[in-house]
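What follows is a pair of complexes built around chain A, which joins chain B in one and chain C in the other.
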Partner chain A sequence: MSARSWQRKGVGRKADSLFAIMAALSGVLILLVLAYMVISTTATALPVFGSQGISFIAGSEWSPSNGQFGILAFIYGTVVTSVIALVIAVPLSLGVSLFLTEYSPRRLRGIIGYAVDLLAAVPSVIYGLWGVFILLPLFLQPTADFLSDNLGFIPIFKGPASGLSYFGAGVILAIMITPIITSLCREVFDTVPNADRQAAYALGATKWEMIRQAVLPRGRAGVVGATMLGLGRALGETIAVALLIGSSVKVDTSVLSPGYSMAAVIANQFQEATGDHIRALVGIGVVLFGLTIIINMGARALVWRFNRV
Partner chain B sequence: MDRWAGSRIVPGVCLRECKPARRRVWRNRRNTTLVLLAVGLTLIPVIMILYQITARGIATMDWEFLTSSMPFSFRREGGGFLNGLVGTAIMVGLASAISIPLGILAAVYIVEYGKRNWLAKLIRFFSDVMAGVPSVFVGLFVYTALVIQFGFGALMGAASLAIIMLPIIVRSTEEMLKLVPHELKDASYALGAAKWQTIMRVILPSAAPGISTGVMLAVGRAAGETAPLILTALGSYQLTAKLWGAPMSSLTLAIFDGARNPFAAGQARAWAGALELLIIVLVFTVVARVVASRSRISR
Partner chain C sequence: MSPETLPVDANSERTGVTPLAAVAARDDSEISQGLAEKPVFAVRDLSVHYGKSIALKGVTMDIRPRRITAIIGPSGCGKSTLIRCFNRMNELIPGAQVSGEILYHGEDIYASGVDPVVVRRHIGMVFQRPNPFPKSIYDNVAFGAKINGYRGDMDELVERSLRRAALWDEVKGKLKKSALDLSGGQQQRLCIARAIAVEPDVILMDEPASALDPIATTRIEDLMQELKQEYSIIIVTHNMQQAARVSDETAFLYTEVDAETSARWGILVEFGDTGQIFTKPRDKRTEDYVSGRFG
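On to the complex of A and B.
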């Protein structure tokens, strides 16, 4: 059918507005789904929010059989594992992205960039499987033992040491978010004009001095934004953490002891939960959602500000 | 010897404060080493994961694994993840059927119709927000909205995967539509085409390679999701093609169960399943990249 045959029948104009309406509706649907997401989950969790009050987020007593739902231990676990992940992943990502933009020869850049992107594509259940059966005996447990033996006098490294712990989950999270932070940092460093680099060299800077004074200052906002996006991902990561965190409901200052995270408790307990227990798990989801939304919006604001400059 | 360090030093010229040149050279070398160390540390897990998943997966991977379903006990050897593979295919297929047209249309609205009005900005902003929602929360949402009423099943799993795919498709399509040159649109309008004809016949086809890249990345992401499916499809030992009313398995759910159980036979199946899943996900990711690089050349 040619355009003319449509116009002759007078279909063209109607089709045009129909198409416009369809497109607008698809867009509006996204807004509706998101709104309904918040409403539906909050409504389901509301009875538990009501019966627990502030102790839902401030209490660490979690015993579904007694109707007590305090999720502080899970919030604590989520925050601690994410912080461990960032402490490991941010320096690594900075190193890799600086290597890719400043150091790497052209050929190597493609290969290493590809390998890092590959890490980002690996599903989290595979990280979990690999973490439990390979990384745990090979690296996590020995490292945890080493830390508690030699640095055990520091409260965060107090024994007894377990590889299935905040530390273990943090390490696997670090491996998972490194490619995300790396690719964003790389984009940021790529936007630094070459003239700036050459100016630094012309003043006699070494390579590192050039990076510190020409590349890093320009990328600061972008790097912080990338870190926060990585944090947003780490907070919500479920399966790999569920397999590696040790599944123990308590607040422990030692990162080498087993704990629990918000997302992990949802995945692990959902299948045997009933009634208020399920509502409480949904409530954990609502709190987690709120936390990630705040972090992500902050990150977007930073990245946007950076893009506009 | 070290062509990165030291070669660019001009003695006596400093940026901020004058320090002995030797110290600056040393610091430069140290930081070069640290950067290389970071690259090495990041590459170790890539190599380990690829190698170990392949090595351990191949040990159990055979024709029987690909063509039969799980035995009812983790202890028993043999059997495979056919139930999971079929479940993944059905749910990702359904999710694609929902999210691809919706996502592309929403992006068309943002770029071609909304221009700079508040609704387009709102949709764009909230699709970004949606991309940051933890996948386990999407699962909880579908549980409260659909599963409580209609029970676990493939359709519910597909709904959660569609919600996860949607923002990825919207954002990538949007980027691609912005790149379509104005001359093409003008030429189409000059020939008397209506706006929707221009979109369907000129704009979308010329952005197609880029759009399909985003779509494939979204499919790869959906195929690897586990957490939302625990809450919506639940998982099952049996091979089923029922879209609702019965729980359905997926490759990821089967691997997760295998990783959590203490029996060697179940774990061996999990490794083979991981290899199967990794191949599927990587094929989508690699093809997406190839398509993307091709389209960049032609542009």
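On to the complex of A and C.
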């Protein structure tokens, strides 16, 4: 009678631990890449941070030939265009996703859902070119003129109005981030239990009351999360914004005047930059990265708070 | 106050001024005057289709006021389909079609001018699984009253509804806490309180205790006995003992199968006094079912 072997035989003996090691290495690698990026870019930009001090982010004087690098105008442009994008895209996305989950017949749901996903796959340079050649003359410039003519007494709509402006870039951004926000919101609304809908109906709710009281509260955390993901994309979007923002280094209260954004200035000036100018552009990248991280953390905190209620 | 006028006043105050409620109030006054008891619901040759397939065929029955009417039968016999006809919940399912009549205090709730939203404000419903909204206990109870434009004292309404649902003592200190933190049985009583707060005169219960433990089930059953003083209750139950314990009248539904197409639909086999259904059923199929030979 031979003793029973309690060992696995052949490759199987090692495969499990081998796979575990590979998975762990992948996890560590991504951390290393991230850390290397942060450290190397910060190190590159450090001399400019040192020479400019706080005026790097607080000053708006950007004059590479004179060694002056204040990026406030770029930060301002990035934030303003992103806010405009959200103001337009969030209500639009909520409308589309509620239509898809609550109103549209099943067949239409598939077609529109597919179209939304396709929109998300269009490269941003195409959005940018389309924005400049089609949207600018047909919609952006007329709308900008209309706003300044009729609402010009409000500082943010003061003329002279340009389609190549915070407004123009914000509209293109809105179109670009609507698909991602829509498809996330749609998934969130799809998870609202039918029992909740029925409970609202059984109490005499109309469809709108049902949506407002049963669907939206359940989806609140998801909607905030989707908005933040859209915001993340808007903050970093480069080419389309570079084409439409007007490339003017100033802080202007009117959204109808040309401005500049962080990602756009990096893309536009990197080619011909040398020395400290390059370091300053990398520094803008570091600040943009920091801004994105702060917003992401804020979003997580928000989602976490909503989930607890 | 004379006994003739009191119930009329109480009811017109309770149910508002819509035509359906006016009929309800008139009907109640007739009862108090000792006239023949009119049914809350008169179901006439009711059939339900989902798309092309028929789910329920030719149901005719009268639901009496201030009683508990149980609907029993094996799985898939159309019990839930039937109870959902009483507050027009079936039409939320795409393709559902109802034919025949359901007269609520003499008025056809499927008539062309009747808004299902208004129907549901008179006829409350409690579901199989407790389904409170992810809101506070208070907001859950106030929900229906708010969307119906209730103008009275909301705090008082919430307390009264929770008291009627026998939940007040357990939650009075934590009305602002999330309803999802309550136990399953408490959540179900909260759902009953939520339905009561709309001040309906009928409460539909679709297997209200099937997701609850025996103790919570007992509390729901006790509560039903109290509620039937004021409300007409229709309950679907899978549990024959429960039907025998709580109900005054019982409807037995059964599945008929077409031999050729093997299509299946529910029919009402027998409807009568609960004692009679369980002890002296007239139909062989009822007898087989209540004696546990199938289902």
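The rule is short, and it goes like this: the second predicted complex is superposed on the first by the 274 of 309 C-alpha atoms of A that agree within 3 Å, B and C clash if a C-alpha of one lies under 4 Å from a C-alpha of the other, contacts with A are read in each partner's own complex, and residues count from 1 in each chain.
Heads up, the rule we're going with is that a residue touches a chain if its C-beta (ideal position, glycine included) is under 8 Å from a C-beta of that chain, and two chains touch if they have at least 3 such contacts.
This structure is a prediction, so every number in the text was calculated from the model and none was measured.
**Q** So, A:P142: does it touch chain B (first), chain C (second), both, or neither?
**A** Neither partner.
**Q** Please work out whether A:E209 is in contact with chain B alone, chain C alone, both, or neither, and reply first, second, both or neither.
**A** In the superposition, A:E209 contacts both chain B and chain C.
**Q** Touching A:A199, do we find chain B (first), chain C (second), both, or neither?
**A** Once the two structures are laid over each other on A, A:A199 reaches chain C alone.
**Q** Let me test your reading of the model: by the given contact rule, A:P217 touches which partner, first (chain B), second (chain C), both or neither?
**A** second
**Q** Looking at the overlay, does A:L243 come into contact with chain B only (first), chain C only (second), both, or neither?
**A** A:L243: touches chain B, not chain C.
**Q** Chain A residues touched by both chain B and chain C?
**A** Chain A residues touching both partners: 200-201, 203-206, 209, 213.
**Q** Can you tell me which positions in chain A touch chain B when the two form their complex?
**A** Residue positions touching the partner: 3-4, 6-7, 12-13, 15-16, 18-20, 22-31, 33-34, 36-37, 40-41, 43-44, 91-96, 98-99, 103, 112, 114-119, 121-130, 132-134, 175, 178, 182, 200-201, 203-209, 211, 213, 229, 232, 235-239, 243, 263, 266-267, 270-271, 281-282, 285-286, 288-289, 292-293, 295-297, 300.
**Q** Enumerate the contact residues on chain C facing chain A in the complex.
**A** Touching chain A: residues 87, 89, 92, 94, 117-118, 120-121, 124-125, 127, 129, 131-135, 143-144, 147-148, 178, 191, 194-195, 198 of chain C.
**Q** Please give the residue numbers of chain B that touch chain A in the complex, ascending.
**A** 4-6, 8-10, 12-16, 24-25, 27-28, 31-32, 34-39, 41-43, 45-46, 48-50, 52-53, 101-103, 105-106, 108-110, 112-114, 119-120, 122-123, 126-130, 132-138, 140-141, 143-145, 148, 163, 166-167, 170, 191-197, 199-200, 220, 223-227, 230-231, 234, 252, 255-256, 258-260, 267, 270-271, 274, 277-278, 281-282, 285, 289
**Q** Would you pull the chain A residues touching chain C in the complex into a rising list?
**A** So the residues of chain A in touch with chain C come to 106, 193, 195-206, 209, 213-214, 217-218, 309.
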